[in-house]
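One chain, subunit A, links the two complexes that follow: it is found with subunit B in the first and with subunit C in the second.
And then the complex of A and B:
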């Protein structure tokens, strides 16, 4: 069953168009990572899904309905981001109590155990929590709410590395016990890639890649060897990224070589390896203008 | 455990890990194999990825599925794996060994005696 569907969706803010006729569908129960460079419209996309903002043109459907101004969508979804604000006087205990009233599937016991585990003082005010603590509490709310459509926009901002690890583990365990549709965005793909089933890569306003994480990882291969040999064997192929390591170079190309080509490369002393999801992502989104060094020339 | 920076995709590492469990005898013939959810929990990975690892083993007929009951080790699963490792992994290591010996000009006779010496040392060490 399809939970989210975008058909030719465009979203502009005044004269600035962020999403340009983007198309994709998210199936029920899939944990999808939303990735993309800063400012490509990941947050805009998530806000459109939960109906915080309205599309400029095209069609957005969530649970088969238009999400903007829609009670069914609001009742069945949650967007966790750093803009989750509660009235100033509310304490951690107050926030949990209100969530219990608001979300039908709320697991109060789990919320309480998580809040204890992460060392919150029950009387601390949400508004006065540190950046990392606030993110942690918001993430706990996102997990305990058990919404059929759960969305986390950069949930780990400000969390220290051990809390981040614990949060992802908690999210996976709760997802295994209570499967639901989850969207998760992060700048650190290497942190979330093992957790994901699918990846939606937003680039230049469209869904540049949408498929399984293994598909993304297997799209490219890394070749390491002497530059002249690499040039010889990749003649006619697109090289996505190059990196020099002393006398050797590391080139990323599409994983479309025949077995024979690969064997020839090996005989010429070229090492072949798979790429990480992060390297594949960089290869897919690298700007043709060149790297940061070119700015200073 | 899983190598985070490894060059092998996670689902292949999962399949490798179960294979080792079968070879070492931790999973016997007709014994139930971990479900994709147990593997997901164990290795902190997405259950779909864990499922892909199990599919690899199913395709190689090292495990079989019983509807509604789960995945089990094939009666000849271990034998198949032993043959596969001998014909693939061990053979590859031997080719590398021969290449290195040739590069260093080590004779066949010398190489065999080196292997024998290592074997003796290893056996002595484990006593």
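And then the complex of A and C:
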């Protein structure tokens, strides 16, 4: 069953267009990572799903309904981001109590155990928590609410590395015990790649890639060898990144070589390896030519 | 997949309770303001009359809870403005909410707050009488009590409630308009200037007074109620309609 469907969705703000006729569908019960560079519209996309903002054109459907001003969508979805705001006087306990009233599937015991584990004082005011603590509490709310559609937008902002690890583990455990549709965005793909079933790569306003992590990785290969040899063998192919390591160079190219070509390369002393998800992601989203180094030349 | 399908009234009720918790501090502010108003009112206004025929001096001290009601109205106006700020709005949208449910729960909250504020502002009259008696020493207290004129108290309660609610909604609507487009700030500034300035052909204060008189000088209870209901519902519907497509948590 489809939970989220975007058909030719465009979202423009006064000065610029963020999403340009984007199309994708998210199936029920899949944990999907939304990845993309800064400012490509990941947050906009998520806000459209939960109905905080309205699409400029096209059709957004969540649970087969238009999410904007929709009570059913609001009751069955939650967006966890750093814009989650709670009234100034409310303490951690107060916030959890409110959640319990609003979210039907709320697991109060789990929330309490998580809050204890992460060392919150129950009477601490939400507004006075540190940035990392705020993110942690918001993430706990996202997990314990058990909404059929749970969305995390950069949930780990400000968390230290051990809390980050714990959060991802908690999320995975709860997801396995209570399967639901989860969208998760992060800049750090290497942190979440073990968690994700699918990735949706947003780039230049469209869904650049939508599939499993392995598929993403298999789009590219890494070649390591002498520069001249590499240049010879990759003639006519798009090189996505080059990296000089002393006498050897490491190039990432599209995985479109024939078996014969690969054997030829091996004979010429070129090592062929698969790419990490992160490298594949960067290769896909980088402009084919020019990196930060070129700015200084 | 099991989907929860709440009714609008269900969510409005939950949000109303949430808003009571969220705005608890504004009630503490209200209590402080009322206490201040009581202190101010105790002094009262003095007027003395000297009768030369028998050389007696009569001092009349008028104590009134008008200050309490006016302060309650100002409080309502400010709180009405605060309810529609971006911050408050995003607080509501941290939980289950639509724009309509948010407005309806805000309306319930204003209704409830006006009731509480109206009752306490009116009943502060008794406190003022008591403290006034202690402060001014022995004196003859004349006032209509609930026993000999129950309608008077009821009328006070209803009018205080109505005025406070009206001020709530004026603040709420102004703030909603400004949230939608900042150009309304200029518009309201212009209205303010027009209402306070006068020259040969234009008499701003008079026109402003005419609007106040439209409500204030109404003698018929039925018409008064009707005017208020229309004004309050009108303002509420306007605020709801103009913000129904607004983007939240942005």
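Here is the rule we use: the second predicted complex is superposed on the first by the 294 of 297 C-alpha atoms of A that agree within 3 Å, B and C clash if a C-alpha of one lies under 4 Å from a C-alpha of the other, contacts with A are read in each partner's own complex, and residues count from 1 in each chain.
In this section, a residue touches a chain if its C-beta (ideal position, glycine included) is under 8 Å from a C-beta of that chain, and two chains touch if they have at least 3 such contacts.
On a predicted model such as this, the values are computed, not experimentally measured, just so you know.
Superposition model on subunit A: subunit B and subunit C are shown accommodated side by side without a clash. Once chain A of one complex is fitted onto chain A of the other, the partner contacts of A:196 are limited to subunit B, with no touch recorded for subunit C. Of the two partner chains placed around the shared chain by superposition, neither subunit B nor subunit C is touched by A:121. Of the two partner chains placed around the shared chain by superposition, neither subunit B nor subunit C is touched by A:266.
Of the two partner chains, subunit C is the only one that A:86 touches; subunit B does not reach it.
Contact with subunit C, but none with subunit B, is seen for A:104 once the two complexes are overlaid on the shared chain. Legend: residue contacts after superposition of the two complexes on their common chain; A:214 is shown touching subunit B, with no touch to subunit C. In the superposition on chain A, the chain among subunit B and subunit C reaching more residues of subunit A is C. In the superposed model, A:1 lies in contact with subunit C only, and not with subunit B. In the superposed model, A:173 lies in contact with subunit B only, and not with subunit C. If you stand at the C-alpha centre of subunit A, subunit B and subunit C are 150 degrees apart, rounded to the nearest 10. The gap separating subunit B from subunit C at its narrowest, counted between C-alpha atoms of the superposed chains, is 19 angstrom. Overlap of the subunit B and subunit C interfaces on subunit A: none, as no residue is touched by both. Listing the residues of subunit A that touch subunit B in their complex gives 30-31, 168-169, 172-173, 176, 194-197, 212-214, 217-218, 273-274, 276.
If you check the complex, the residues on subunit B that touch subunit A are 5, 7-11, 37, 40-41, 43-49, 52. Contact residues of subunit C toward subunit A in the complex are 1-6, 8, 11, 14, 17-18, 21-25, 87, 90-91, 93-101, 244-245, 247-250.
Within the complex formed with subunit C, the subunit A residues making contact are 1, 3, 28-29, 47, 51-54, 63, 69-72, 74-76, 79, 81, 83-90, 94, 98-99, 101-105, 148.
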